[in-house]
Amino acid sequence: MEGINVAVNKTIRRIGVLTGGGDCPGLNAVIRAVVKTAIREYRLTVVGFENGFGGLIQNRARDLTEKDVVGILPRGGTILGTTNRDNPFHYPMIINGQKVFKDVSDRVVENINIHNIDAMIIIGGDGSLSIGKELFEEKGLPVVGVPKTIDNDLSATDQTFGFDTALNTATEAIDKLHTTAESHHRIIVLEVMGRYAGWIALEAGLAGGADVILIPEIPFSMENVIKKITDRQEQGKKFSIVVVAEGAKPVGGEMVVQRRVEDSFDPVRLGGIGNVVSYQIEEETGMESRTTVLGHLQRGGTPTAFDRILATRYGTGAVNLVMAGKFGEMVCLRTPNIESVPLADAVGEQRLVPVDGDLIRAAKQIGISFGD
Amino acid sequence: MEGINVAVNKTIRRIGVLTGGGDCPGLNAVIRAVVKTAIREYRLTVVGFENGFGGLIQNRARDLTEKDVVGILPRGGTILGTTNRDNPFHYPMIINGQKVFKDVSDRVVENINIHNIDAMIIIGGDGSLSIGKELFEEKGLPVVGVPKTIDNDLSATDQTFGFDTALNTATEAIDKLHTTAESHHRIIVLEVMGRYAGWIALEAGLAGGADVILIPEIPFSMENVIKKITDRQEQGKKFSIVVVAEGAKPVGGEMVVQRRVEDSFDPVRLGGIGNVVSYQIEEETGMESRTTVLGHLQRGGTPTAFDRILATRYGTGAVNLVMAGKFGEMVCLRTPNIESVPLADAVGEQRLVPVDGDLIRAAKQIGISFGD
Amino acid sequence: MEGINVAVNKTIRRIGVLTGGGDCPGLNAVIRAVVKTAIREYRLTVVGFENGFGGLIQNRARDLTEKDVVGILPRGGTILGTTNRDNPFHYPMIINGQKVFKDVSDRVVENINIHNIDAMIIIGGDGSLSIGKELFEEKGLPVVGVPKTIDNDLSATDQTFGFDTALNTATEAIDKLHTTAESHHRIIVLEVMGRYAGWIALEAGLAGGADVILIPEIPFSMENVIKKITDRQEQGKKFSIVVVAEGAKPVGGEMVVQRRVEDSFDPVRLGGIGNVVSYQIEEETGMESRTTVLGHLQRGGTPTAFDRILATRYGTGAVNLVMAGKFGEMVCLRTPNIESVPLADAVGEQRLVPVDGDLIRAAKQIGISFGD
Amino acid sequence: MEGINVAVNKTIRRIGVLTGGGDCPGLNAVIRAVVKTAIREYRLTVVGFENGFGGLIQNRARDLTEKDVVGILPRGGTILGTTNRDNPFHYPMIINGQKVFKDVSDRVVENINIHNIDAMIIIGGDGSLSIGKELFEEKGLPVVGVPKTIDNDLSATDQTFGFDTALNTATEAIDKLHTTAESHHRIIVLEVMGRYAGWIALEAGLAGGADVILIPEIPFSMENVIKKITDRQEQGKKFSIVVVAEGAKPVGGEMVVQRRVEDSFDPVRLGGIGNVVSYQIEEETGMESRTTVLGHLQRGGTPTAFDRILATRYGTGAVNLVMAGKFGEMVCLRTPNIESVPLADAVGEQRLVPVDGDLIRAAKQIGISFGD
């Protein structure tokens, strides 16, 4: 209830920070808050490692002062660089011309000692936080985590920063496609991110006024999708907006899709699920259908106010965790407070869209089809 | 916990809806969800009253079909019109050339009967919901409420729709002013809405990277504001961003301000508190200071994704409340669910910024001054 | 020089209007200006035909009053609907089970007479304006044209409306992709519209800070593209932004591309040219490359101020042309004035990017590569 | 026709650059293009002077490399700082406790020699360019100018950068205010920049769908403004949008206004002309009227695509001018080319809105009132 209880730990003098995993709006806001809180509130010094765990392994680091974080609050990306690769417990190397994976976690420990780092703040998604957990549990490193994912699928926090920005980017895209769909009497299929969880598709679909939303949590049948579109046509609504999460799947997996597109097309050739769905709609309704794949647009841009604030509070909260000696934990949002949770409880637990939840029910009540 | 429990009430056939109080992004999204849910889920008919309670009193109403709500989801404003006036219990009339206030609530009852309305959904702020409560309690009208305010200061719900949009508008303004402040080495004062609660100022200030935030909940002293600005100057930061809620007040009320501007200026003449603060900064630091007053810009524009979703869920939830026979209640957000609360418990309870809360603490830890 | 000279033609009482071709931001602004100018300035009545020439052929029309155009100025799309099909001189019909093309232009004449239309305003791209020209020349219809294309490739006017909006949409996309490219050390390829003319790619590339721009007017070699990217890498710039017009082609047509992707990929399978370029960059540099295809996003959204103003002036100018009896002409922009030009001179003349022009030279001077 | 003819001047090795006058979106884009063109195309070195002419006088300068201009293209403001003060021919000093103005232009010459600068690029408005002209004519400095003003009121160029961004900011503001005006049946008055020229007010008013536009070039009468508003009311349009340039004046100067507000208000007290107009509308129509003053918001924000491109071309063109030895000239836009014009012909010539021009005529034809 009371947020993170700070009992200042006198032995902390110098902390490290890195950003790992996919790009996400708000990373810079976290870094800024870490640096400002560390310096202003606790008189610490801060070291930034470059390009995720790669920097920890290869000892690419630089001191971060307040000057380094001036003006970065509204900027997407991360001044530290990031990457999805470079797991220190499973690090790719070329030995005798062959690619092998080695445990180089001792190098991490070594580099942290070289820099006299008393605590390490790891900003990342499930993958980076799992590595953080392992460094804490196996190597005894004083690690604190900050959860990050535009997919909003971490179970241990009410929301992750980056999601609200991605959601607004996707919603704006629907707004733009809407007028074209209406003017042209077309079907527009928008494929958004979400490999396992359909949060972006569901919420952007709700916010943008989609007619059909397809998410990984609810296997769909093309028959139902087609029916929704033709029902609308019969009511005089000559266009439809279909929002598809990249991980959405038809009932029974990919098979139905493969059968339908047999001779001349296959899913690989057509690209992602958005193109497959679009192709089948054209085939079966005779209406024109167009696909837009947002892709990395969803990871960029200036963060929304919500994401900047959440990221700032996370950054401040992470330094407070460090000073309270709560290692092996990560900050999380329990609305309206910032609290903490053990990394061991947080990683590996995906937060999926509850199929019988409030949101899905509301969406169905206003007539949105999920193809089920 | 489980959202609104719907036990369909068979006697409901026709519902009314109105929007009251100040304009707020998301009103149209609520109306759309009410109409869609009523028609698609429950086969009801819907009557919209125009211009808040004025329409209920003067019987200006029209049927709302799905066609009426096509395309309104992304639009600011309200297709029903709204007004802050026209309280049926205290209605202004000119009698014998004199303005008097009358109780015309019986007209409201009459008009609701004329239209065969089985339940009335009132979308409004504290004022409109208080009238709704009175109509329910005094006149026995089957009223259900939907809370609305860009100020986010209603205690009975985690958040009101409209706030997120206003917050992003204010944040974007700070972003724009920031570059100018930096290039010109100026002080920029931004006055935002918030007569009693400082949510917009606090959160926009955090999101926009303000140096000073003045809110009604924390009386400020100009000495502290000036000190923050001159401290920054001494550190080589030649500009500062000051965000002021319109209701912010110096310690001891207005007095300090009046004394300082004595001879040639007074607060009325200078406009709002933003201008007063700006004037005094110039006087005491010799730096140039400029003021922007956002005003009604904060009430307009296309709603953010968050506000559209919350508004949609509120609209759907309100119809569900009606069908469950839960009159005298209003929908509210208990993250992540939509629930309900008696109007009697909800109105008249302002949710102020907790002075010792997480948000203020985080803001102070990164060096923001509140002038206290 | 003096804009359109209006010598009011007393016999005009009723005008028709249609929108043809692809969707384009600003169509509604033209319609609004046509209706307002016709009614307010000249006391005419206005008939809108639905879905391009389809409405003229099938007699789907409705009167347009000032009320119909309220609030449409900022909206994308067209309230009249549009389509790329339905050429009255080459109209697809099913006769005896076979698809044949017929000349049904007499139906157009008939429907125009049925509605007592004294002049017809056709808002469209090169295709629709060519039909307009033919209706004027072959059938003697009093036609006036308004040029429209997001591609900005009409020779007879300094600029077409819709282009500025599409350009800003593409530029915003580059802004968002930029931060991700930088943070991840990636190549980002953005495919934009432009089948024959590279205006969107060139100007968005300039505005967004692209490193490589590929346009139809300048055949590119992958060697040069790769060289630019690896040169940047050697200078420590670990990311690059490549903007590709959909119609860009390698030197010698598609061949180079086909050879390189031989066994396992071919352009069809990979989708558009953006994916082909991206694939080859990955293959030859070993760097990660990601593609975003903006697609119809470029046709939607609220028009920019420039497009709204140009569209409004075109709409007003078209009615002035009608009243001046200048049939067979279209409005055009000769900065800063609205003038007119015979359709016969305007259609079929594409305005391509001048390869030795100012813009390309400036782009090269700041180091942008065109792959030539 | 052919743009700037470059005949490379072998003696140029090092150039200086400064930004003077009010902030303007696109300044950074010019600086970036100057640096990139100088270094990549001509192998020059570049020195940036800080805070306008102040830096030239006080010798505050730093070398600018390509690294310094990374990422600044989309950013508002200027990395060099700017100021409206510090005219070297009329420089304020405190001597014997008294403020006096001195000619310190020799210091400028001295500092330029100290830095071995072969040519100086001055980016500024009419004021800064006049100083540039004087330095060229009186002191023989090799000066080249780049015109800048959000007001778009320089006569020697088709358009200045910054204007398109300010215009879109003002248009977006009208869009937001529109929905509120409509929902509340209110008058909304928006005061925009434009002390002498009404370009922003005129074009934003056209783009935003204003009902009344008041600009300095057309003295207005309140009677006409009121009539327009009440005419609209009688037609059932219960709201109106009034856009006022800060420099707009009633017929006969301020007098009419002063008379009307006699006892209790005067223009100074009410703030700018926007508040005065708003107050009088309320007084005479009995309708609620609200004012928003955009202020410095119009000088900030990320530049539009148009402004970024124009600024980039200006920056490149200015270096080309230097290399061609065309000192005492400034770059200008003669659509679609960048050309040059002597500073002597360019400064002191304001480009006002032509009262009988195309734009005003189009605005009047769709029913906009200018109060005349």
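We call the chains A, B, C and D, going by the order they appear; numbering starts again at 1 in every chain.
The definition used in the following text is that a contact is a pair of C-beta atoms (placed from the backbone, for glycine too) under 8 Å apart; a residue touches a chain by one contact, two chains touch by 3 or more.
Just so you know, these numbers come straight off a predicted model, no measurement behind them.
Q: Which chains sit in contact with both members of the pair chain B and chain D?
A: none
Q: Taking mean CA positions as centres, which chain lies farthest from chain A?
A: Relative to chain A, the chain with the farthest C-alpha centre is D.
Q: Distance-wise, how many Å sit between the C-alpha centres of chain A and chain D, to the nearest whole number?
A: 41
Q: Distance-wise, how many Å sit between the C-alpha centres of chain C and chain D, to the nearest whole number?
A: 31
Q: Between chain A and chain C, tell me the centre distance in angstrom, where each centre is the average of that chain's C-alpha atoms.
A: The mean C-alpha positions of chain A and chain C differ by 35 Å.
Q: Out of chain B, which residues touch more than one other chain, so two or more?
A: Residues 175, 178, 182 of chain B each touch two or more of the other chains.
Q: Which chains touch, pair by pair?
A: Chain pairs that touch: A-B, A-C, B-D, C-D.
Q: In the complex, go through chain A and note every residue touching chain B.
A: 3, 32-33, 36-37, 40-41, 71, 73-74, 158, 164, 167-168, 170-171, 175, 178, 182, 203-204, 206-209, 302, 304-306, 308-309, 312-313, 316-317, 319-320, 335-338, 357-359, 361-362, 365-367
Q: Could you pull out which chain D residues touch chain B in their complex?
A: For chain D paired with chain B, touching residues are 19, 22-23, 27, 51, 75-78, 81-83, 169, 173, 175-180, 182-185, 188, 268-269, 271, 290-297, 299-301.
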